[in-house]
Every structure is written in C-alpha cells, then in structure tokens.
Amino acid sequence: MTRTPQSRLVGRIDGDIVGILLLAALLVIVLPLGLDIFRLNMVGKYLTYAFVALGLVLCWGSAGILSLGQGIFFGIGGYCMAMFLKLEASSPEATKIQSTPGIPDFMDWNQLKELPWFWEPFHSLTFATIAVVAVPALLAFIVGLAMFKRRVGGVYFAIITQAFAAILTILIVGQQGYTGGINGITDLRTLKGWDIRTDEAKLVLYFVNAALLIGCILLCLYVRRSKLGRILVALRDKEDRVRFSGYDVANFKIFVFCFAAALSAVGGAMFTLQVGFMSPSFVGIVPSIEMVIYCAVGGRLSLLGAVYGTLLVNWAKTMLSESFPELWLFAMGALFIGVVMVFPNGLAGLYQQFIAPRLRRTAAGRVDEAADAGAPIIPPHTAAD
Amino acid sequence: MFEGYSLAELGSIFAMQGFAGLILFSVFVLMALGLAIIFGQMGVINMAHGEFMILGAYVTYLCSNFISTYAPALFPAYFFIAMALAFLASGALGMLVEWGMIRFLYRRPLDTLLATWGLSLILQQVFRSVFGAREVGVVLPDWLMGSVAVTDTIEVPINGLFVMGLTMAITIVIYAVMFRSRWGQGVRAVMQNRVMAGAVGINTEKVDRYTFGLGCGIAGVAGSAFTMVGSTGPTSGQLYIVDTFLVVVFGGAQSLVGTIASAFTISQAQSTMEFFLSGSTAKVLTLLTVVVILMLRPQGLFVLKVRR
Amino acid sequence: MSSDKINADKLTGGAHSPLRRKLLLGMAALPAIGLLPRGALAQALPTDAVNTTKLAVTDSTVKVGILHSTTGTMAISETGSVQAEKLAIAQINEMGGVLGRKIEVIQEDGASDWPTFAEKARKLLVEDKVAAVFGCWTSASRKAVLPVFEQYNGMLYYPTFYEGLEQSKNVIYTGQEATQQILAGLDWVTKEKGAKSFFLIGSDYIWPRTSNKIARKHIEMHGQKVVGEEYFPLGHTQFNSVINKIKLTKPDVIYASVVGGSNVAFYKQLKAAGIDLNKQTLMTISVTEDEMLGIGGENIAGAYACMKYFQSLKNPNNEKFVAAFKKMWGGESVIGDVTQAGYLGPWLWKLTAEKAKSFDIDKIAAASAGIEFTGAPEGYVRVHENHHLWSKTRVGRARTDGQFDVVFETADLIEPNPFPKGYQ
Amino acid sequence: MANSTDYLLAVEGLTVSFDGFKAVNDLSFYVDSNEIHVIIGPNGAGKTTVLDLICGRTKASGGSIKFRNKELTAMKEHQIVKAGVGRKFQNPSIYDDLTVFENLEISYPRGRTVFGALAFKRDAAVRERVAEIAEMIFLADNLDQRAEYLSHGQKQWLEIGMLLIQDPELLMLDEPVAGMSVNERRKTAELLNKIIQNRSVLVIEHDMKFVEDIAHRVTVLHQGKILSEGSMERVKNDPKVVEVYLGH
C-alpha cells in the first residue's frame, strides 16, 4: 500500500493511516469488548509475535533479507525483561528458605553463591528496558556487520541465522545456573511492586502492548515511506545498481536487520510481561521459522497484513489444537506451502487483488470516498471471534 | 586428564578416537551428499531433507518387520534390501514433490525453504499418524551389531565400518553419475544454463526431476543406515537439518569435494573437542567456529572463482 | 469407613498396612456414606456443600482436565500418561464416580510448547473451572503452569519423576523426586556390584544435571569417585567420543540420564563399540519400558534401571492394572514408570475428595497429606505433607523383550525429600 | 610511466585472472577529460570486465586504475561512485518495483547514508532535478509509472538518467543501444550527444555505426589485451582488427 505512488495519495485520505486507525479500533475497542480477559490475554500474547512479523516485513519483505533467527532477538528481549522481573521476585524475604537468599531460585539450585556480574545491572528497570532493545540490536549489528560487509546474503544468511538460533538455544539450556536452563525464567510476579498476574494487570498490559504495537507500526510506516524504505526495495531488486549509485549497501542491510531485531525484542519483552515467563523454546529454530510464516500469511509486503496474519495463524492454531490436534501440523504445513505457491503476497495480496478493486468501484459512487477507502482493510476473518 | 594411563592405553584410545571421528565423518557425508546435490547443483533449499531420511528409516523398519515375519531366512541380508527400498521410496516421493511443488519455485530459493519446511511438518504428522508418536526400534541383523577387536584394547564397531563403506560406495557412485556419465553432464549443463541446455535438446524438466529424486533417494539410504546409530521417530529428522546444511554450506555449495572436505573438518573438530571438552560445549564451539569461518569466508571452503 | 477405601480395595484387592489402620481409626467417626445408593449420595452431599468455589460440579457430574502434549516432540512420552489417566477415570466412573458424581474429562493439548501449557491450564481453570487437572510431563511445562495453578487456585496431579526443588500447595507429585529415585539405587549398586567409580552422562538440561549433582554428592560422601561427568544437547546422536572416554576411564558404573532420541543413539553406539552391558554395569534413571520400545531390547539388555515401577512387577494390583490397561489401549501397549504414576493421579484425587467430602481446592490441598492408596499398581503409596508420595524404589534389569526383571526393592517406603539438605 | 598523470582516467598494467585464466592482461589505456572513448572487441575480449574493474565490482589481480590521480583499486564501489564514476550495466538495471520518479530520486546524490536517507526530504530541489532529468531522457510523462512497465528502450534511458542525476565526471556505458529499435537508437544517440557535454564517457558498443557517430577514440580489445587503439578511421583499417573480426 505504501508503494502507491505519492501523487495518487494527494487529495485522498491516506489509506495506510485509515488502516492503522481501524486496526487500533479493533485492538483497543472491539476485542476488549468482545472477549473475556482470558481470551484477551491470549490475543495479547499473539500480538507480541506481531512485533516480530513487523520486523520481518521490513527485513524480508522490503529488503529481501530472510532471517531464520528472529527468535534469537525475541528471546533476548524477553530474557532481559525476565531478568529484571526475576530479580524483583527474588527479594531476600521472598527467598529466605534458599541457602543464598536474594538470588533467583534456579541459581540457588545450581549452587551459585552470588548473583553473576551480568545480572547485577538488571536490578534497574531503566537499564533492563534499554537492554531489551539495545542488546538484540547490538547483536544484530555485529552479525550484520560480519555478514553484510562480506556480502553474505540470501540463502546463506538464512542458514547462518538458523545456526545462531541453534547455538543460542544450546547455550541457554546448558548454562542453567545463569539462565534457568530449559525451564527458563519462571514465576515472575511483580513489576515495581505491581502484581502482573492479576486480571487487571493483564488488561492494562494488553492495552500497553496494543499501543506499543500501533506505535511500532507507525514507526515502520515512517521508515518505509522514507527514502530509506525505497532504497531497501531497490536493493532487493537490484543490489548492484544501488551500490553503483553511491550507497554503502551493507550499512542499509545492517540497519534494517538491527531495526527488525529491536522490534522483535520489544515483542519478547511484552511476551514476558504478559505470559509471566521466558524460556529457550522461543529462541530456537522452530519458533523462528513459525514467526516467518506469520509474516508470510499476512503478506510479506504489508505491515498491517503481518499483524492480521499473526493473529489469524495463532488463532487457528489455538482453535485447531483445541478441537483437532492431529490436524494442526497438516494445516500449518499446508499454510507454508500454500502461501508460497498460491498466494505469495498473503492476505494483503488477496485483499488488494480481490477486495480493494470492488470497494474502490463501490466507493467511487459515493461522496464520502475517504471514509470508505480504508474501511475494508480488515480482512473478513480476524481473531475477533 | 591423562595421568595414570599407560602409553599403550593412550595409544589405543587415540586410535579409537580417530576412528570415532571417521564414523562421524561418514555420517556427515552421508547426510550431506543428498543435500549437496539438491542444494549445490539445483539451488533448492530442502528443509524436508531430514524427513526424507526418516522415511528411509521407516522403510527399513517395515522391511525388518516384514522379513522377520515372512522370510526369516533372509533376515541377515535384509538390510541391503531395505536400503534399496529406502532409496526407491524416498526417491519416488522426492520426484513427486519436485513435480507437485519444487518445479514452480526454481529461482526463488527462499521460497523453496519455506515450502519444504511446510512439507516437513506434513511428513512429520504423516509419520506420526502411520507409525505412532513413539520411536520405533529397528531390529538389526546380529552381524551388524558388535565390534571387531583389533587388539586387546582397540575395538572397532562393525556398524561404523559399514557406514564408512557405504559412504565410500555412495560417494563413488555419485561421482561417477554426476561427473563421468552423460546424464551427469546433462545435469550440470542444465544447472549452469537452463535455457541453453533446453535448446540443445536436453529435457530439462526430466533432469530436474531425476536429480531431485536422486538427492532424496540418497537421503533415504542415509536414513536407512542411521537406524544403526540413531533413533527413528516422527521428529528425528529435524535433529539433522542444521548440521547437514552447515556441512554443505561450509564446503562451498557447488563442490562435491568441498562437501566431503567440510564434513571431514567439522567431524574431526567436533570429535576431538568432544573428547577434550564436555559434549555441549564441544557442540557449541563447533557450530560457532563453522559460523565464524563462514562469515569470514562466505563462499565456503572450496569454490571456483568465476567471472560474474 | 469411607466408600473410596471399600471400592478401591474391591477393584485392586489392596493390601493392608499398619499405618492405614491407624488412619482408619481416626476416620471411624465418619458416616458410612459409601453404603448409600448413588443418587442418594449426591443428595447427601448437595452440590452447594461440596463445591463452594464455583467449580464445574453439578449434582451428577464433575469436570476435570487432562493436560498433556498430544502433538509435538513430547507427544512420544506423554501418550502413556494420558492413557493411564483416562483408564483410571473410566474405572472410577464405573464404580460410581467421585462423591456420587461422574467424572467428565476435558482434554487439552499442550503441544510440547510451554506457553501453550500455561494458556491451556488457564483455560481449564478459568473457563472450564475444572476441579482437578492431571497433566504435564516435562519440568519446563510444570514450571510454566505452576504460577497459573497458584494464581487461580487449581489442583495439578503431576506424574513424572523429576528433579525436586519444588513444593506447592496446588500440586501433588505422583512421581518420585530425585533423591527418592537415586539414592537407593546407588546404595544397591555399591553393595551389589562393589562399585567404586562412576561415569555420569546425561542430556543437557535441568533434570539430568540436578540428578547427577545429587548422585555425585552421594557418591563422594561414601568415599567413591566420579571419574567423568558429561552432558549432551537434547537430540544429540553421536556418542562415540564419550564412549571412548568411558573406555579410557573404565568406571565401575556408567550412570546414565540421557533422554529422548539421544537415548536410542547412545545405547546402540554403546553396544556397537563393544561395551557389553552384561559385563559393564550401567545404571539408568531415564529408561522406562516406553523408551525400550525405541531403543530395542537387544541393545540395552543387561542394563539396570532405577525407578519405582516396572510393568513386570508381581503383585495383584499390578496384574489387574496391566490387564485393564491392555484391554483398554491394546495388547501391544507397554507401561512405564510415568504411566503408572499418571494412573495414581485420579485415584488419589478421588480418595482425597471423599476424605474432604468436598471438591474445594483448599480442602483437597489440606486433606491430601496422609491419603493412602492401597490399590496402586506399584503397591501401597501415601501422600506426604510435602505433597510428594512415599514410595518404594526398585531396580530392574533390562531384558531383550523390552521388559525388566525386578532385582531389588527397598524394604520400606522412602520419604520424599524435595529439598534435600546436604545435596544442594 | 608517470605516477601522476593529467589524464582523467589512467589504467596501467591492469590484470585480472579467474582461476588462471587471464581475462584482462596487462592492460593500459587513458581517458582524457571530455573524451568519448569506445571499447570494442569480439565476445569474451574482456570489455565488460574492464568496466567491472574500474567501478570496483571485480578486484584486480594487479595494476593500477587512477581516476584524477586517486587510486580506485583500493576503494569500495560506493566510494568510487562518490568520487565521480558512474556505471551503466549491459542489461537495464533499474528498480522494477519503484516508480520512475523514485528510481531517479534514489540516485539523487543526497542522503546516501542510512540516517541521511531516513531524514531525506523530497523538497523542491529534488523534484526540479528529477523533472529536468526525466525531460532529458524522454520520460517526463512516465514519472508515476512503475519502472517494470517501461519498454526496454525506456528502461535503458531510465538507467542513463539515474547516472546523469549524479552528474559523474566519468560515465561508463555498457552497450547502451543494445536491443533498441531504430527509432530508440536514434533518440539514444541524440541523448548521448547531449549528455557527454562536460564529461568523459567510456562506452562499450558493438554497433559500429553508432561507434562511428560518437567515438573520439577507440580501443580494440582481444583476449584481454589491446589489439589496436586510435581514431575510428585508424582502427577500422588496422589489419589485425580486420583479422579478428572477420578472420578465423
């Protein structure tokens, strides 16, 4: 949608903005009214994956860089937040039955006598919040610098990021004294004294999450509409031409990879807050590839599509595994194949191909064109029910 | 860690350790050969490679059950029948997949990655529905299990020898097929210039289909062989995929020699590190080293310098 | 006398223990509700009385949840538990249910994914308002659902042997915690095999590491030696290097806690490397009859497994249980330690509810301590105040047919000790 | 040879080998300011490789390339572009998914860093310059069209436009009229004549008629070496050249 030529937007209300407003209305008004807190919390959890999908739209959809390791960044973001929350939950009073009170329970079980140095700064919420974004971005920067400067791309990049996901999982699982191992960091309770396990807290966190998501969509929209966004598309098409137009292509790739990493990490942090724990099972290869499919189903070129795709796939997963668990892997597999072979641009592509033209025709006959232009951006099936 | 051991003991341990490295090497080569053909020659990322292997393993399982029930006399030799059937089954499925899916996706390698991942999920569920969620135990003929005592202290596992022999045989066959036969010439021609190869009368579609089938068939044989050393369950295939891809990429995707050299390097590194360090650390270090080297030398170990 | 005891004894022919008699004396004042017909029982215990916290209990039914993975990598392991729990529930229903109410099962799939477990646990407790949940298998899934059960005050019956270091009002641990499983086995192997040196090998995650930590302490406390300790990532399939290390260090005992697909590879490669388990003592705490299916009996025959239950256990309870299990789930099925522990869950819950004369979680939690189940296939078990079970530990020797010969059984029930002093 | 030259571009002793095969072998030639220098030669002579070497796409095995006395072989591609060398590829290399306007805008020499691009504003200066270039390359009416829908000739023009907007001192064109209709070819010659004012141009071309129209100086490459050099007239009558083109 953002690829609509500038001039066509002149004199019309911006379709993207209308779409975002409608999404906002869905997330902030329709869903909270229509769902109980239990289902709403589930939607909240799905929405944290949407951050990853947004990052992938920029990284993969726009720039053509497919990372199969977004789980790494989602996980690190989540772990940073979990470390802060765990420290708060491990006050000396709460852990007085341990042999070393005041450190997280899993450390005590692993005979750690004091808090490891890299845990110390996570006593501070400010530090933890910065770390949520900074650590993954830094890691992405290092990986990106090494790979893109040496022109590693495409398939090789995908496989190497996948290997990184495998390495990090083994590390987290193996270093259980420092990371909580395979169980992850569990039993998180309060954020600055505020109990995050209550229904009210979950409601508040849901809204915070929705607001952050909308904010991130706007941020992505800004990036895509900037010249940088067009350069990303350009280098996906003809990398050499961009290079020979005087751009240091690697820097742009590093930027978008770091940006996607930071977005994923925000999702991870919100995940930890809403679900109440973080574990290595979100870091590995399988979740990383699943996150790619969220983005692909929604449409790898569409920011809004990615959000709807995430909601739809997760909703389908929950529904199917509740009623027909056997079918779930078939459905998931078919989705992967279908989205690649039949509708490569996902839901957003279907919308643009079939629904948008019809609506435009209808809308053309009306005076209040602007209001209608964006209305149908919600795909017919949302996770609302 | 070597205090208190005699020189002879150390000597024999190192001999066995060297052999362990060779077995690992053969396992890696066997895993990677099929993929090297599919990825290296055709540029298709087959994430379902592990599932094709497991299909071979299940064929072996069925074969072992069938023969021990209906033709117990044949049992000592059943493994060869099983491998042949595994090759045919995985190869046939591979050709079917190529016809139904892959042929629409040439030139879009990242999309083949996603589509074959989907395929791997479906195959896993099929295995689960047909064979059950539990791992199955494949009964091997007695002569394959056990070991040969070379000296009092050096013992060489027979199945290791078998895997090594098999790897060597398959490598030679592939080399002959790909680089010494007219058909292999056709394959390489198609991979280098599809249009031109078509123009000079090569049936490119057929070449694609058979090449993909060949790669998958080899995966099936590998899976069949792995019933001797590994597990056979619906999700066992996923365990192999990262290692396999790294071996192929590390070797330089287009080069068969590269694949073998990289399998050798990685297996020796891992096996040595496993001996001196602990298991998990060795695995992490191996993966990390491979990835770092790949970042420094993205084209892999062996690659032809070509004009662009 | 309460109905549960009568019925349980009828079904399983349970043995009497001195302790049980003592308990029964204390309960003598209870009205003989068990003698009332079913409808009358429900009337005698009106729903308002047995359910003061709005659980899903009607005059004729009570809802419970089963929460295991039926898809994903863990489905392999968890299937047996689901089957055992369903068997137990079917048997209980046949006998008239719990407090006169038929048990209705809501089964949810954790899909081998920990947040899904947490999510489904929340659904079972919040939406379905089940009176009890039987489920979870891995520690990670239990850790994920534990805060949910504590927050919404639910009751979880957890069947797996596990690393300990946990205790909750809302969980009954029907499997053994680590010290129960490990210590007796180590003592046995020391006494029986004169073991002086041990090589510890496990998959790299919390249960093997914690178990080996306890084992190492115990070994070193008794003046023996650990000559090697190795961990491999889950799913690792190449063990030749570590097997060489084992050959180099020549331990008296290989102590293995390798799990999943790695297990199969480990034992096959051990055998191929010429290590004859009839000569080299190997003790495992992670191979049950379920795992044997995949490993193949011929590859592991001769190894010792240390746990509380084996399918081949000879007692009337177990014979009935095995027969019923095979009748319900097919003659091919095998029953491992965790499957049996899963079977205990519904029974313990029924007994507790009938002792408490209520489904209320708080009352169940409070009444759990001291509940004894004489009909357990493993023999008599009793719930400790720390919500774990007193149970015996046994050593079995693997046979080629995939079963174990029980070669040792502790004389007494072993006290569960989830926070063992001196072992941490 | 002098280390410092008055030439705009001085290529000296340039060699590159691919697995032992010397695609370019000890090649030396010079381009003056405001000169139109054409490289011709049979297929496989190494023409495109020379352009690749100058713009940094291929790394030289030996020799030097000096542009205004700056050594290019040690520079990265984008630095070479910023130094004032523009390169057009053999096949039209444009961004299919973007509009003509956006194609030109990306080449506009401002906001070429990551954050520069983020902060880039499409101000009047940009619009004017894009319009000006579009006019010059006959695409003024196609500014909002997706580049993918342009005709082959239009795509070639667009790519030339993308170079022009950067105003390079040295423009390198790889077969600019290949695959064009007669009409397009005529317009392209017209365009080239317009744009070669105030800059040097290095062209690879097969079309002899076209070469004759524009070339100030011609270099004939054969098997990575210079076969002949000089004016078109001289080259045309060089027996070695005749043999290469007509012989065998």
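Per-chain numbering from 1; labels A, B, C and D assigned in written order.
Here, contacts are C-beta pairs under 8 Å (C-beta built on N, C-alpha and C of every residue); 3 or more make two chains touch, one makes a residue touch a chain.
The structure displayed is predicted, hence computed values, not measured ones.
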item	value
Chain closest to the assembly centre - both centres taken as Cα means	A
Chain pair with the higher count of C-beta pairs in contact (A-C, B-C)	B-C
Centre-of-Cα separation between chain D and chain B, whole angstrom	47
Computed distance of Cα centres, chain D from chain C, in Å	76
Distance between the centres, which are taken as Cα means, of chain C and chain A, whole angstrom	38
In chain B, residues with contacts to at least two other chains	128, 238, 280, 283
Interface hub residues of chain D, defined as touching at least two other chains	57
Multi-chain contact residues (two or more partners), chain A	170, 173-174, 326, 329
Interface residues, chain B side, partner chain C - complex	5, 9, 13, 16-17, 19-20, 23-24, 27, 128, 133-139, 145-147, 149, 153, 155, 157-160, 226, 228-236, 238-239, 270-271, 274-275, 278-280, 282-283
Residue ranges of chain A touching chain D (in the complex, touch as defined)	3, 5-8, 223, 226-228, 230-231, 233-234, 236-238, 240-249, 251-252, 255
Touch list for chain C against partner chain A, complex	70-71, 108-109, 111, 113-116, 118-119, 122-123, 126-127, 138-140, 143-144, 146-147, 151, 165, 204-206, 209-210, 213, 231, 233-234, 419, 424
Of all residues in chain B, those that touch chain A in their complex	45, 101, 104-105, 108-115, 117-122, 124-125, 128-129, 238, 241-242, 245-246, 249, 280-281, 283-284, 287-288, 290-291, 294-296, 298
Parts of chain C lying in touch with chain B, wherever the complex brings them together	71-73, 75-76, 79, 204, 229-233, 235-238, 240-245, 247-248, 260-265, 268-269, 271-274, 290, 292-299
